[in-house]
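By written order: A, B, C and D. Residues from 1 in each chain.
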């Protein structure tokens, strides 16, 4: 097996926040199955905070653990705070990732950011509509 | 916990008889076969006896068998050595698209050295069409190499037909028989090949040893220069214990081949039938009939191989996958891709290979353990939820 | 009959601790280190532990150690791989005239591939003069390879000085330390080399395994293409038991090196003194002081090596010779010839190499047994009778 | 060890007719120490027959056995008969020689022939002197 930390194994075996959100405020998808890893993040936003986060992930053990960890790290955070989560900070929280796993499977932060951007652009579109 | 090793294509355990045969050579009998004294003589006689055993396995003359350090070395030696020895005649080489990397990458190294390379395609079963080989032949073709069977999808190739085409065109033909020698009947005369690779750890022999058989009269450049061991064709102090083990494994394989095939085939057939029956959206890869006796391979849709392997490992089951994440090169299996399988589907590649230690209970266990794992991963998979939505939408 | 093995330069026996370390990997622990399951994990961890043990032996970082299938493979890999990786910079290579054939013939293969080769001479002790290396350097020199010690005459070369010259000229420097690593202190930093070969069967480790250390940042082309084992630099399923054995042998060598040197040196010194004292017309070959601890080599005038070895073997003594008849290439040792020893004298080459099993009684036995054998052969020798007649005539 | 027949080993360990002949009728030398094998044959001739043969040999086990065997095969033969001894017939008498030993060490027949030729040319020279 790849040499995964205890934390990675924990999140792989017991991933937090797996699922989808009906009528989410934002959706972000990153990666593609050609490379072997793909993640979809769903978010609910309230008062500029991530009230709920769910994800679905196709990929290796690291990809699943990363998704779970990102959802946990971001839960309840303000959007600004969540945007500051980086692949490196996720890997650190996970007690490290194998070198060759860093780039392909560490897409969680990007997927979350995409979901937030999706939310923000929808907000902006709505704001424009309202105007 | 039950422990089920279903990864015999990766490597097989040593048979106790093989280990017994090797042990003296890790002890009292330690001489260098090149040495001119009793210690050397005993070692050399053991190496020669093993050479005879390997020759018998493949229907060859002992002096045509060259011991190497691995299947990979045999393939490198064959492809580079046979091409380089003939480069004055031409610089075009033909291989199949599904060769093992040790053959394929050797051929690509030849490209860097000024050779031209044609990679012959395969059909959806991973089968090479001999006509495609015929069409790939040019005036300057000096070497054709097509594997006897593919270790990832189990498909057995029509080597006899391809060898005949090579012969008609007076082109040297090598086959990588690493997945077949010791497993199914391999006879160099019947196959009609000029060179053939095999490896010990594929049929209950040791790691660290392989062999290349080269028909007398066919020229080959050494890959390892140095002393005149192995008739000057492969230098280096012989790995005596491993060579002895390979010889013993060859002898045992020859003696019990049909019994082994009879043991493995029903296990394979059960799994090929029962896994797709117990899990939706599972396809068998490789040829439905012309496949290695212990070889069952699949693609499980919507999920990725590594996470499947991890959960199976937690249940005590060892298998392989050709997914990108499980390859250390992080690319989906070139074999599956060459068969026209999509990258997405290739990620769910699952390879179960039976060995002499496996039983019907192992099949039962696998068929029991895998469905909930697949289910669990699919519940997490965005691809699966898209599929479900799309099929619901379609209804 | 007394059995005395004095051919430890050819190969050493396995230490019992090494065998013990290997045995589990010939049994239960049979996985392929590349496999993604417990079987694979256990094997991979064992390989990594061995890599660390080898790294410690030579003062290197573990990730810079590449396992190979033999010392010969390490040398082929180094010489061809380092030269090919740099061919855009230049195509001139320098080696010493007394390199082992695995290095020398690799360099000559490079010549066939369009490289130019300079073979630096040695003095009568088989010693390379660093100034000769300096003078051999050209603008297009990309690789220098000089062995750390010669296995035939035991001479230890001034590697530090040569490495310094290579460094001053920004040329990659490889040393074949197969005769020294595990036998005398070898530290890659202290030596200042860029790449270093070693082999298990030279220091009570197994056959079929070697290692090449390459300093991080130094580029090398693989010799064996295929999978991405060994960081993509050496393909092929790892020979796990042999690698584990090499690791254990390295650990033991590191721990007891000075004790071993203290054991072997007096035996060597006795033989170097007593054989020439008990037989007329015997000369010591190689350097009188700067030589391997267990290494005693001679030329016995007027007789030929093979017949000497045969009679010694009948008395239970195993030694080697560099005579033409004892080489399977039927040429007198290129090492002795490069040292300026005549072909005639080189035929009487005699190489006695001590190991941990030898005792003072073995020296006694050798010194007792050899004189009558030499006498018997000289009585048959036309060269000896000519010499006697000439010296009588001269009186 | 090279794979030597019993006969080779016997002649190697107990070589027949080793030595020199004082005032020989012919001397023949073949090979040279550079190649590793050298043989000197001494003969005594009486009534056109090889009355005595002795040799000295520098060389490998095969070279010594070959010399011994040649001396035994030729002893008592007429010169014509002795000239018919060939490397192949010697190797056959020795129950075979290893392939790589055939050429270098199988110089005994030639050395004997040279000794006979030496004798004949001396005879001829004497005959010419007498005339």
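By our rule, a contact is a pair of C-beta atoms (placed from the backbone, for glycine too) under 8 Å apart; a residue touches a chain by one contact, two chains touch by 3 or more.
Quick caveat, the model's predicted, so the values are computed rather than measured.
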Practice item. Give, as an integer number of Å, the spacing between the C-alpha centres of subunit C and subunit A. Key: 57
Point to revise | Intercentroid distance (Cα basis), subunit D paired with subunit A, Å | key: 92
Study note, to complete from the structure: Note: subunit C sits from subunit B at a C-alpha centroid distance in Å of 34
Point to revise | Whole-Å gap separating subunit A and subunit B, where each centre is the average of the chain's CA atoms | key: 40
Point to revise | Set of subunit C residues in contact with two or more other chains | key: 36-38, 40, 306, 309-310, 313, 326, 328
Practice item. Going through subunit A residue by residue, note those that touch at least 2 other chains and give them in order. Key: 1-2
Check your understanding: In graph terms, nodes being chains and edges touches, is this line, ring, star, complete or other?
Key -> other
Point to revise | Chain-to-chain touches, reported pairwise for every pair that qualifies | key: A-B, A-C, B-C, B-D, C-D
Check your understanding: For the complex, which residues does subunit A have touching subunit B?
Key -> 1-2, 12-13, 15, 18, 20, 29, 33-40, 56-61, 63-64, 100, 104-105
Exercise for review: Spell out the residues on subunit D that touch subunit B in their complex, using ranges where they run on.
Suggested key: 1-2
**Study point:** Of all residues in subunit C, those that touch subunit D in their complex
**Key:** 302-304, 306-307, 309-310, 313-314, 323-326, 328, 330, 332, 343-344, 347, 379-385
Review point. Can you list the residues on subunit C that touch subunit B in the complex?
Key: 5, 7, 10-14, 19, 22, 26-27, 30-32, 34-40, 68-73, 75-76, 100-103, 105-106, 108-109, 199, 201, 206-209, 223-228, 235-242, 306, 309-310, 312-313, 317-321, 326, 328-329
Practice item. Would you pull the subunit C residues touching subunit A in the complex into a rising list? Key: 36-38, 40-41
